[in-house]
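So that you can tell them apart, the chains are marked A, B, C, D, E and F in the order they are listed, and the count of residues begins at 1 in each.
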Amino acid sequence: MEFENDVKAVVAEMAEALNKNYSDQKLFDLSLGERLPQKDEIIDFVDELRKVTFPGFFGRENMAYANKEYFAGHKLSLIYDKLFRQIKVALSYKNDAKSYQEITEEAQEKALGFIRCIPEVQALLCKDVEAEYNGDPAANSREEIIFSYPGLFAIFVYRYAHVLYQMKVPFIPRIMTEYAHGETGIDINPGANIGEYFFIDHGTGIVIGETTDIGNNVKIYQGVTLGALSTRKGQQLSGVKRHPTIEDNVVIYANTTILGGETIIGANSVVAGNTFVTKSIPANTKVASTMPELEIKTSN
Amino acid sequence: MEFENDVKAVVAEMAEALNKNYSDQKLFDLSLGERLPQKDEIIDFVDELRKVTFPGFFGRENMAYANKEYFAGHKLSLIYDKLFRQIKVALSYKNDAKSYQEITEEAQEKALGFIRCIPEVQALLCKDVEAEYNGDPAANSREEIIFSYPGLFAIFVYRYAHVLYQMKVPFIPRIMTEYAHGETGIDINPGANIGEYFFIDHGTGIVIGETTDIGNNVKIYQGVTLGALSTRKGQQLSGVKRHPTIEDNVVIYANTTILGGETIIGANSVVAGNTFVTKSIPANTKVASTMPELEIKTSN
Amino acid sequence: MEFENDVKAVVAEMAEALNKNYSDQKLFDLSLGERLPQKDEIIDFVDELRKVTFPGFFGRENMAYANKEYFAGHKLSLIYDKLFRQIKVALSYKNDAKSYQEITEEAQEKALGFIRCIPEVQALLCKDVEAEYNGDPAANSREEIIFSYPGLFAIFVYRYAHVLYQMKVPFIPRIMTEYAHGETGIDINPGANIGEYFFIDHGTGIVIGETTDIGNNVKIYQGVTLGALSTRKGQQLSGVKRHPTIEDNVVIYANTTILGGETIIGANSVVAGNTFVTKSIPANTKVASTMPELEIKTSN
Amino acid sequence: MEFENDVKAVVAEMAEALNKNYSDQKLFDLSLGERLPQKDEIIDFVDELRKVTFPGFFGRENMAYANKEYFAGHKLSLIYDKLFRQIKVALSYKNDAKSYQEITEEAQEKALGFIRCIPEVQALLCKDVEAEYNGDPAANSREEIIFSYPGLFAIFVYRYAHVLYQMKVPFIPRIMTEYAHGETGIDINPGANIGEYFFIDHGTGIVIGETTDIGNNVKIYQGVTLGALSTRKGQQLSGVKRHPTIEDNVVIYANTTILGGETIIGANSVVAGNTFVTKSIPANTKVASTMPELEIKTSN
Amino acid sequence: MEFENDVKAVVAEMAEALNKNYSDQKLFDLSLGERLPQKDEIIDFVDELRKVTFPGFFGRENMAYANKEYFAGHKLSLIYDKLFRQIKVALSYKNDAKSYQEITEEAQEKALGFIRCIPEVQALLCKDVEAEYNGDPAANSREEIIFSYPGLFAIFVYRYAHVLYQMKVPFIPRIMTEYAHGETGIDINPGANIGEYFFIDHGTGIVIGETTDIGNNVKIYQGVTLGALSTRKGQQLSGVKRHPTIEDNVVIYANTTILGGETIIGANSVVAGNTFVTKSIPANTKVASTMPELEIKTSN
Amino acid sequence: MEFENDVKAVVAEMAEALNKNYSDQKLFDLSLGERLPQKDEIIDFVDELRKVTFPGFFGRENMAYANKEYFAGHKLSLIYDKLFRQIKVALSYKNDAKSYQEITEEAQEKALGFIRCIPEVQALLCKDVEAEYNGDPAANSREEIIFSYPGLFAIFVYRYAHVLYQMKVPFIPRIMTEYAHGETGIDINPGANIGEYFFIDHGTGIVIGETTDIGNNVKIYQGVTLGALSTRKGQQLSGVKRHPTIEDNVVIYANTTILGGETIIGANSVVAGNTFVTKSIPANTKVASTMPELEIKTSN
């Protein structure tokens, strides 16, 4: 009982201390709950996108009896509704310059613009499945890739997030790619530009920075970083091209690091694994770090 | 209202575009929902396996009052049922050569074969726990390892998936290991052969390829890739040994890459961290890349 | 029917085999279910901590109408209750030396001690948000960081787990950080000491060992290992300083490995990416591996 | 510990006793789980029916942007699939006379027949809403009725269950109406025939027997039983008309009991509350039990 | 395959038929989903009310360590937020006369008015618990009543719904009482006026109409109807007093029906079970139907 | 903003008012959460009981491959554990006279005693299924009864609750029967004594009081009350026989009320519907109220 009172006293004191922190920090505002996009709603949105993009793979329904147009039309309406609501919230946040009406209209336009892109993005993703299948001898079927490959999941989320990034929708693109990052360990910034037939194998640890440009038929393995040379200047670098350009048909093997906004890996080149690249590489070349001699000693 | 009609028009147009994609892609079939294995059922199956393998650790029941035979017998029946159903689905997919009856019988045999392996795999996993405990000074107890080590979880899933891989069950082994990959960042292909007392520390970024052979008492740290030299030939390489062989008692430190189907790391050898190995290493050796000189400049 | 009997026979045989394993292994005990901490309860505890630390960000409620003191006070009481119960369980496990009463009191004291630290840890985390924002040009707002950056999530979990680690609470700190590890791919041992304004970018594959010391204003990128030179001696090394010391204002770029308990990276130094460091670096220096020459060949 | 062993012994003994019961009872068969319809699937089916019948009322989606045909078409496909699967299970149970193929075809036909009836049943239900609204002065709006009136819910479930009853689908119609009975306290046997504009108020305790015939524009209040005179002959009465006939425009007030297969309440009649009727009533009459005198005594 | 096409054709035809129904019925509007109150939100609101009204009884938390003011304050804020949002939706529906701003303000005022009533309603409910305990010899404790008596649950929901009814909040009061009706079989219209120390036993089948007035210390048993004499005039009767008045200290035993807006049961009277009353009864009387003679025949 | 402050002020004032109520009422105690039995745990316990009593009917598992003894043994262990924990909590509440050790032992004995009764109760329930099947011409199969008849569910819960009632376990028996009451509208007090082959049809509104005695082969229809003559003396009547005795082979038709502890319905008698009985009826008789004349007037 005495102890119970100690707890009450400490709780009271700490509640007061926390409140002081809350007031000191301009970040915290107990009304944020309905003023920021909802992560779970965005994950639902991604799940619906996946169903419409890869029909039949996710969900238990046998839709064989459905006119496919009903299926697609119904899902697109749902996706529009979910996206429109979250964009409206995202646009409203700290945006006093626009009226509710203006924000609503902007959200409608952006959500509608997104819907217009779905068939095109789906077609791109089908090419990515093909790239995964052709590139991976361990893949038993295209179905297995759609079903269980983390690389494809990360690309799928990135391609749709990129559409929203290009429309300058705040918060949502990054929430989407960080969701994929958490599920797969693959961190593709929604700002990156990535061409057709993109191939990722294993994928854990891949980082593709915001201003990266990647051409067609590029293959990337686990642990590859396409990053910035330095971020010491922090927010001053916002908007500047800081990440490399990878041209068509390039292969980058595992754990290689390529840095710098002016670094270009020319078309058809192959970058070996565990290579560190900070300057441009011409087209049609194979590049590798001179592998350090292996020192081999008989143990004990 | 006008805008609402715009949305309807765009939805209709995009639904049509999607349907065209659906028809063009042979992959998509709205009846897949009941024709492919269910990922959530397979995760349930893994969860039940975990309960029977590490009794008492997962789940809130106090089973102290149970005759352990009831516990094990009941769980094994459940596991058989779940597995049998999913194997039947997996075997049926695109398999017109066999009758429903044949597929059912094959599924029964495979599921039963799996049940027969459980005690043996459990015994192996107990050795893995021992290896984790002895190898990690940060481990406070064996319980902590079973409870919270991602390395043990990845090995646990791999060992059971490997049994199904050997039986040539489609889809399910890979769904299992990709589930573990998603949870832990450790990607062990179910085809790899791994001996007793296997030790993984931290684990994020580990990739162990399909045709890897690993002996007993091997230790592997985070970021290690046991991979293929090149996968340029894609599906033509299917079935070829492309990944290295690691003999008994080898230790491979963090972020090292070992590539190639003919690469053998001989018994009792130690491979240092951040090393890149593409050729065989004899037994009883210590191997490291000649570490490049560190260039050190006074900053500013 | 015949087959069904086969299954029954195999299940019976295997149940017996498993029971033999259960008896042979001292680890397994069907009563563990209520004698070990509950992972889901600990995750709930972490979620409540997150709500009280970043009020308004997680959860859908609009708490604008609340006296903030009610909010904080109520949450702290909940957190106390959840933590107290789990600590009591954790302390009881294999602890016959202490009476139920002693354990209860110890759990109360530890849980109360934890509550006392919350405002201070929150203040630290606000500084970490600031560091993330200033250091990452891709960050659009502080809200985005709190909302979706895995680095901040890992630091948040670590900072609270560290408080429990220092109190020598068993099981719980590691369950907490392994939860964050699973979500983010960032593995910070709760024993590490980490100063103010800690910055992690991307994060996948980061490993920070148990006896690491990190100063203020340190920045660490994906794939960095702060590890031990060798763990061959296993449990004998328990408690020994095995991991490096990183002084104030150090930057460590991606995929660099720094090993050893006597290795000190001096203040204000910068360690380039893909560098392998096993000895101390003085303050105010830039350090990089001499990059191996790139071998460049025209392909085909 | 001793007690734990007692528990084990008792559990073992009782497990044996239960197994003896299981064997003695022909009813019990551990494989029933997949051989009987699934109650939760049937409830899902009812929920989907409700969404397609009262579009916009149940579920949070704003479907305003949908072409309504997509909505209806997609839902009907889902409903077909769910129903077909459950009918197939229901028809298979203890039905050795028919082959799997025959049962599948029969299930397809019945499920398809059901789909054909949906628009017609929906039109009927709209008339029931109208009847509820016009008949209940406490109803504020038609929306309130659809949203929250148990009477309408019971009628909705009955009307669809009746379609399946007429097709002689086993199990499912009764599972449906017992679901509504559990939710509302209104027990309408799926075999009853009920005309248009049916009105139920409050509803708790209403029982409408299997062979009841009810005309158009009938109103029934809580606690009314339309039952059999005697069921002493039990299963011998199966199929015989045992419950009354209620003609058009009849009103039956609360807690009245009308019994007997030959009892007819003629058109436009009104039966007062708490009346007990076992013989026919001509059309255009008001009927009430001669109310017993109230005995009134000053208390104490 | 042929059959599959049949299904598609029927689905298409029926989708069209349903859409015709949708258009013909003015009720249906696919945008209702976000324009009507959410039943599940209202149930959450009721659950939170229950926690704050009967603190400690519902929910697993041990709140012993909480300053009770934090608990109450936090819950009240939550309740305000949930209620405010639902009232806003409810007020908006088909209400074009008022601006968004006006509706928001009205919702704020009503929600705030509700909060003001909570302590008073709680005090009333404590008196109802007391009445239940004193009146029911089968009640073992007050805790059992709060915990498991359906009568108390129905009264609890009614008392709060009545507050909203009096404020003329649309939809929500009825959704609340129909929720209780579904759970308990007790149907108390939110419009009824009920005094202190109200006692319900068993409760199934009780109906208390919208314009009923009930005094203090009244006891009512299962199956009692306090209803209208006739509702033939339907919506024309809206607002008219149609249900009886029950004065203080009256007891009404099971299955009795009392009808009519002018019927008054005078104070301290007792109405026996299975009695049918359509006219007023003076105070201090015992009233019963003259029980009909029991006809007793030796069977068979 | 101003309004927000109003809300805060009102919330603060009302939180204070509630706290005053909390303090005034001895009932409320914020630590009750862990000191009262958990309703959801008790419902889980009932669900497990149902699975072991009617194996194969509830749950989706195909247990055909299971040795039935494993199934039963495992379930019984689970049931023991769940029940033991809840009994311990129930016995602890306001029971300072006994030590923790005494209460634990008492809970063990009672839980074990319950397990011993399960096979016997199961055998009784099989007889009840038989009675339902033989008595109801609308029943298509015994499976349908087990699957969907509310009467059987209420009897099932009552029979097990009665075992606990006889052991004087507090809270739990009533929580169990009120759960069934909520699901079915059938309120059987766990104290009642009910013989073999008990039959309930429809069931809504049935009330069977605490001290009722019912013989073998009794049939009861919806709306029947077996109640007390008066409960005016409230808690003073606790323990006194207040409810009737129904001897073997009696049938009681719908909506009949039988009151009084000294009222005995003799063996083989039939009580008609809507009859009101307050005195004993000899054996082998048919009893009915002299039905009041029906007054029949031509309407309008």
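Quick note on the criterion: a residue touches a chain if its C-beta (ideal position, glycine included) is under 8 Å from a C-beta of that chain, and two chains touch if they have at least 3 such contacts.
Keep in mind it's a predicted model, so treat the numbers as computed, not measured.
A.B. asks: Look at both sides of the subunit A and subunit B contact and report whether the same residue positions are involved, with over half shared, or different ones.
C.D. replies: The interface of subunit A with subunit B is built from mostly unshared positions.
A.B. asks: Any idea whether C-E or A-E has more C-beta pairs in contact?
C.D. replies: If we tally the C-beta pairs in contact for C-E and A-E, the bigger total goes to C-E.
A.B. asks: I'd like to verify one number: the distance from the centre of subunit E to the centre of subunit F, where each centre is the average of its C-alpha atoms, in whole angstrom.
C.D. replies: 24
A.B. asks: Measure off the straight-line distance from the CA centroid of subunit B to the CA centroid of subunit D, and report it in whole Å.
C.D. replies: It comes to 49 Å between the two C-alpha centres.
A.B. asks: Centroid of subunit A to centroid of subunit F, CA atoms only: how many Å?
C.D. replies: Each chain's C-alpha centroid was found; their separation is 55 Å.
A.B. asks: Touching at least two other chains at once: which residues of subunit B meet that condition?
C.D. replies: In subunit B, 7, 11-12, 15, 61-67, 69-73, 77, 80, 185, 204-205, 223, 255, 274, 291-292 touch at least two other chains.
A.B. asks: For each chain, which other chains does it touch, given as pairs?
C.D. replies: Per the contact definition above, the touching pairs are A-B, A-C, A-D, A-E, B-C, B-D, B-F, C-E, C-F, D-E, D-F, E-F.
A.B. asks: How about subunit A: which of its residues touch subunit C in the complex?
C.D. replies: Against subunit C, the touching part of subunit A is residues 3, 6-7, 10-12, 14-23, 25, 27-34, 36, 38-39, 93, 170-171, 174-175, 178, 181-182, 185, 187, 189, 191, 204-205, 207, 209-210, 223, 225, 227-228, 231-240, 242, 255, 257, 259, 268-270, 274-278, 281-282, 284-292.
A.B. asks: Okay, in this complex, where on subunit A does subunit B touch?
C.D. replies: Against subunit B, the touching part of subunit A is residues 52, 54-57, 59-64, 66, 68-69, 71-73, 76-77, 80, 105, 108, 112, 115-116, 118-119, 122-123, 126, 129, 133-144, 146-150, 183-185, 201-202, 204-205, 221-223, 251, 254-255, 273-274, 291-300.
A.B. asks: Using the touch definition from the top, list the residues of subunit D that touch subunit B in their complex.
C.D. replies: So the residues of subunit D touching subunit B come out as 4, 7-8, 11-12, 15, 64-67, 70.
A.B. asks: Please give the residue numbers of subunit F that touch subunit B in the complex, ascending.
C.D. replies: Within the complex, subunit F contacts subunit B at residues 61-63, 65-67, 69-75, 77-78, 80-81.
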